[in-house]
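In the two complexes that follow, chain A is the common piece, with chain B as its partner first and chain C second.
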Partner chain A sequence: MRQTSSLTILRRTVSTPVILILLLVAFAILSWAVGSRPFNQTVIDILVQVTLVTGLYIFIGNSGVISFGHAAFACLGGYVIAWTTIKPMMKKNAMPGLPDWLMSMEIGWWAAAALAALWAALWAGIFGAILMRLSGIAASIATFAMLAMINAIYSNWSGVTGGTSSIVGIPIIRSVWPYLAVASLAVIIAWAYSISRHGLILRAARDEPTAARASGVDIPRARLIAFVLSGAVMGAGGAMLALSIGVVTPNTFYLGLTFTTLSMLVVGGMGSLSGAVLGVLILSSLIQVLRWLEAGVQIGTSTFALPGGVQEIGLGVVMILILMFRPTGIMGNRELKFPWRR
Partner chain B sequence: MSALQIMFDALSLGSLYALGALGIALIFGVMRLVNFAHGDVIAFCVFALLWPSVDAIAIVFAGNLPWFLLIPFVLVMGAGLSVLCEFVVFRRFRNTNPATMMIASFALGFVIRYFLLMLFSSRPKSISLLPELSQPVTVLGARIPLLQLITILVTVGVLVGLTVFLRRTRFGLEMRAAAENFTMARMLGVRANRVIMVAFALSGALAGAIALILGSQTGTANIVMGANVMLMAFIATVIGGMGSLAGAVLAGFLLGASATLLQALLPPEARAFRDAFVYGAVILVLIFRPQGILSARGMKERV
Partner chain C sequence: MSELSADGVSVAFAGLKALSEVSLKVSSGQILGLIGPNGAGKTTLVNVLTGFQAPTSGAVLLDGASLTGAEAHEVRRRGIARTFQGGRLFRDLPVIDNLEVTGLGLGLSRAAAIREAEEMLDWIGIASLADRIAGTLPYTDERRVAIGRALMRQPKFLLLDEPAAGMSAQEANDLSDLIRRIARERDCGVLLIEHNVGLVLGVCDHIVVLDSGAVIETGPPAAIRASETVRHAYMGTAADTDLPVQEALV
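Let's look at the complex of A and B:
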């Protein structure tokens, strides 16, 4: 009986990740076909953001607790990339305090990204064990404190993280395929988690906490599982971000990243995996247009450029308007599905 | 450093956090909004003294006013911006859940911050705000900056004034009633809009006071200058017990004291991590008292 029911869930929901991954593949193929360097970079940015926002969705979407701290896991992941992929010669100058085994380590991007996910998951487990006992607003603010704490440590631990100065020398990956693979993997993990026993339990606890507790659900534990999993995905996302730009600083992974990832999730719809991915696609397009306008557009003989900061203001205004008129985001709680499946 | 000096440091830093926590807790009390834009209101108040320019040198505009006009000007700017935020944004979110309001205020804070960035650029600018306050004075044998003394006195004054306002005036009574049970208060004739307006105006004026203290203390105007105080203020409201004004103030002073003590007691190489230690201590407090030190009545989830 149990077997058939989980198979039914699988059959009923599998179209969502398939559609989303096909969408991402379409973007990747488009960039490969166009072959222009800036467009390629744009698609890479989008795929990195998809990974990050999907990671954020795994926790926020299923638990209903807003986290302002997930950028910290991206920070942990990003610095693992700096520790493990930069050439030992360069590491000696930038981060002299690294232990010898780490100083001499130079591994491939996928191994480094996997390590980044593990490192982030480890800390998500440690922080989560404490933070998941809180609920509602107190939990949100505590995640914010966690972000500030990790940022304070990484900004001041000069020997190991280079302090606030940027760490350069990460071998940049310009091909779009690794990013596609990680983003697709993130989508699959998010989907598999949301139809798993733990995901269903957590969503039940989100919608009816009292009833769930009465049915024997251990809410902190259910949240912790989601927190660790989303921390791991965020760690991998941070790793891919570091690999795409080649530079890490603690402020790459601070309030700005929190703001963009959260706004993408809110605009797309916090309760929906499709919403998370669509939110990235929609807001990334908006950001591209605004960036382009900030850089200046030639109209006739005069150049028209918006002042710097308009990009963030635009993003903030869109976010507020969506929250005002469509608080559940564009997708609400729905998912993209093939129309002929029921 | 003498013990007396450490005490004054702790009290003045604690005052700053307590004023911030009060600004957050006032609004949270009446409308369950965690106002992430508070820190950016603080920054806005400092920049209100300057003329918009992206040059490295600050063009002082309203900052040239004599002090008895300057101080009300900054307080009014804070109150005005805060009320404007309520009017334009938060009014539309009255009936939504606290999480939605919180994200909206986060977005609003970013809009204010990048608006400042657009007008003033992100470079910190040096300003000289009330320079006469940086002279040292001798109190009980300890030489401390006059500003520290004034910060502490102002905070005590604000706390006394606010207590009188909340306990002895009709507005205060209405605000306390609204904080206790908003729906019931409205039914008994409390005008919701007016109470919320007053809460926002007070919170904005408190942000203005923090802006004056921070501006004269650091001598710089920076678009992210409010962020640290705001974060500490948030933490103070959480460990003080969400919605409890007394708890927020108490926790603000505790945070200030622990930060100063850590600064004095930690070995020099660990001092850079002072804030990380404070956040860690906060997380530890939350393990043992997830409801905060003084949890407000009526805040428990009813089943």
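Let's look at the complex of A and C:
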């Protein structure tokens, strides 16, 4: 006899987020045990990327629509951190056009990150209401246009964003635990969404849109829900990125970030949450190794160093190879599960 | 008692008329057959009735209220379901999830959708297929799953687009039984498009014959069987290899 309760669905799929979070905890503990400052920063970078790529997965993975615009939500989130955590004294110089209530606001990182998520979600809702009516390549290009627009606004609205110059003074968090908490929360949100009725509907519409419409599915609306949720997670990711480096500029959240987050998702597997997380872990490790090689490695008496830029080239080569030989990424549509569960 | 009707529906693609002034109606519990040679506009008409194609002129009415211009998902939510040529199942999902997704699309919670999906598979007699991945099913089972999916949440009307294509005589017979049960036990109005004319003559209460986008004949099976116009429409095409009209009309 089949079991039909929601509890069964929960039990059948819960091993995926558990494994992924354990993996992240292992990285965090490793950095805490090693205790070296650069390694600590590397692990923080990875956890921030996990948050961002998981946010990207919520939309791309479930809808099948590639978005080139999600870095814009990270941008919205990152600047909320600048607006709400920098000391009022410093804000006055960098962003003189802020309204008084925002100028005097100075709140804790988690409240600021929550605000960042809400702000990004709001704009995802506004843009999504229009963009989600488009399909395929038109939708992808429209998301890119959204990114360019938001970047242009943040680069030019000097009074409020400081224009293209760097906004400094964000209190940097050096402990790995807040980043672990936000990344884990992102994974839980992505998993909860994917087993929800909305997630199942959207994946069905991704695979067979005609039949989905004949099944009563309002595809633009189903996509919009994913877009807003993924915008919120992306906003939180942008907030954590700002908190990890202490500086924001519009270009922190532009083409470079779009390229790295998308390539991580493609390499891991666009249709899989496990793929999103593994893609970050694998590509981040690769980037780290290439960075060391660029800096130079001592072998005997000679120093061996790769020329600058190899890092980006390496990333591009890996992405192309994956697309050639494993177009659905490392995980395809599968998820990591404990072997004793089906 | 519900009634679904097309009222003077015309569709033109880039000036080419696919349908001209087509009218028909189906009511609850009735099985209406729609036949005609290839390219007669049968699928276009189904697309118009289900919101997949906006008519160039004319109207679609459900119990007198206009459905013209409604989106496909809205039409389904108002109780008009359809199947497709070639199944169009969610291939990567298990059979049970194929039905569940439709329940979800129509507003059920996951648990309620799974429950109804199980009952539906039972009713059709394919409960044993529940956990099979839809893309691995043979032809006949695929059609029955598609019908089960379309019957979720008790639609008032079901439009079947060539459900018997590729079926053996025995399988087509089983399908006829299922279609009769859908009309009688569920009080659902059925519009059946089919190339297997024998099946249509055997199962339908009333038949509409379409040729080159226009209705050329309507009537009960006996009248259609005797109609010179229908015979001529079929003989006039090169399609008599895949249209067993001569046998069917005997």
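The criterion applied here is as follows: the second predicted complex is superposed on the first by the 338 of 342 C-alpha atoms of A that agree within 3 Å, B and C clash if a C-alpha of one lies under 4 Å from a C-alpha of the other, contacts with A are read in each partner's own complex, and residues count from 1 in each chain.
Heads up, the rule we're going with is that contacts are C-beta pairs under 8 Å (C-beta built on N, C-alpha and C of every residue); 3 or more make two chains touch, one makes a residue touch a chain.
Quick caveat, the model's predicted, so the values are computed rather than measured.
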item: Touched partner set for A:286, first chain B, second chain C, both or neither; value: neither
item: Partner chain in contact with A:333 - chain B first, chain C second, else both or neither; value: second
item: Partner chain in contact with A:197 - chain B first, chain C second, else both or neither; value: second
item: First (chain B), second (chain C), both or neither touched by A:316; value: first
item: Which superposed partner A:9 touches (first chain B, second chain C, both, neither); value: second
item: Which of chain B and chain C A:210 touches, first, second, both or neither; value: both
item: Contact breadth on chain A, by residue count: chain C or chain B; value: B
item: Touched partner set for A:188, first chain B, second chain C, both or neither; value: neither
item: Contact residues of chain A, present in both the chain B and the chain C interface; value: 210
item: Partner chain B, residues of chain A touching it in the complex; value: 64, 66, 68, 127, 130-131, 133-134, 136-138, 140-142, 144-146, 148-149, 152-153, 156-157, 210, 255, 259, 262-263, 266, 307-313, 315-317, 319-320, 323-324, 327
item: Chain A-facing residues of chain B, complex; value: 34, 89, 92-93, 96, 98-100, 102-104, 106-108, 110-111, 113-115, 117-118, 121, 227, 231, 234-235, 237-238, 242, 272-273, 275-276, 279-280, 282-283, 286-287, 290, 292, 303
item: Chain A to chain C touching residues, read off their complex; value: 2, 4-6, 9, 196-197, 200-201, 204, 207-208, 210-219, 333
item: Contact set on chain C toward chain A in their complex; value: 50, 52, 71-73, 76-77, 81-82, 84, 88-93, 96-97, 100-102, 104-107, 109-111, 113-115, 118, 130, 149-150, 152-153
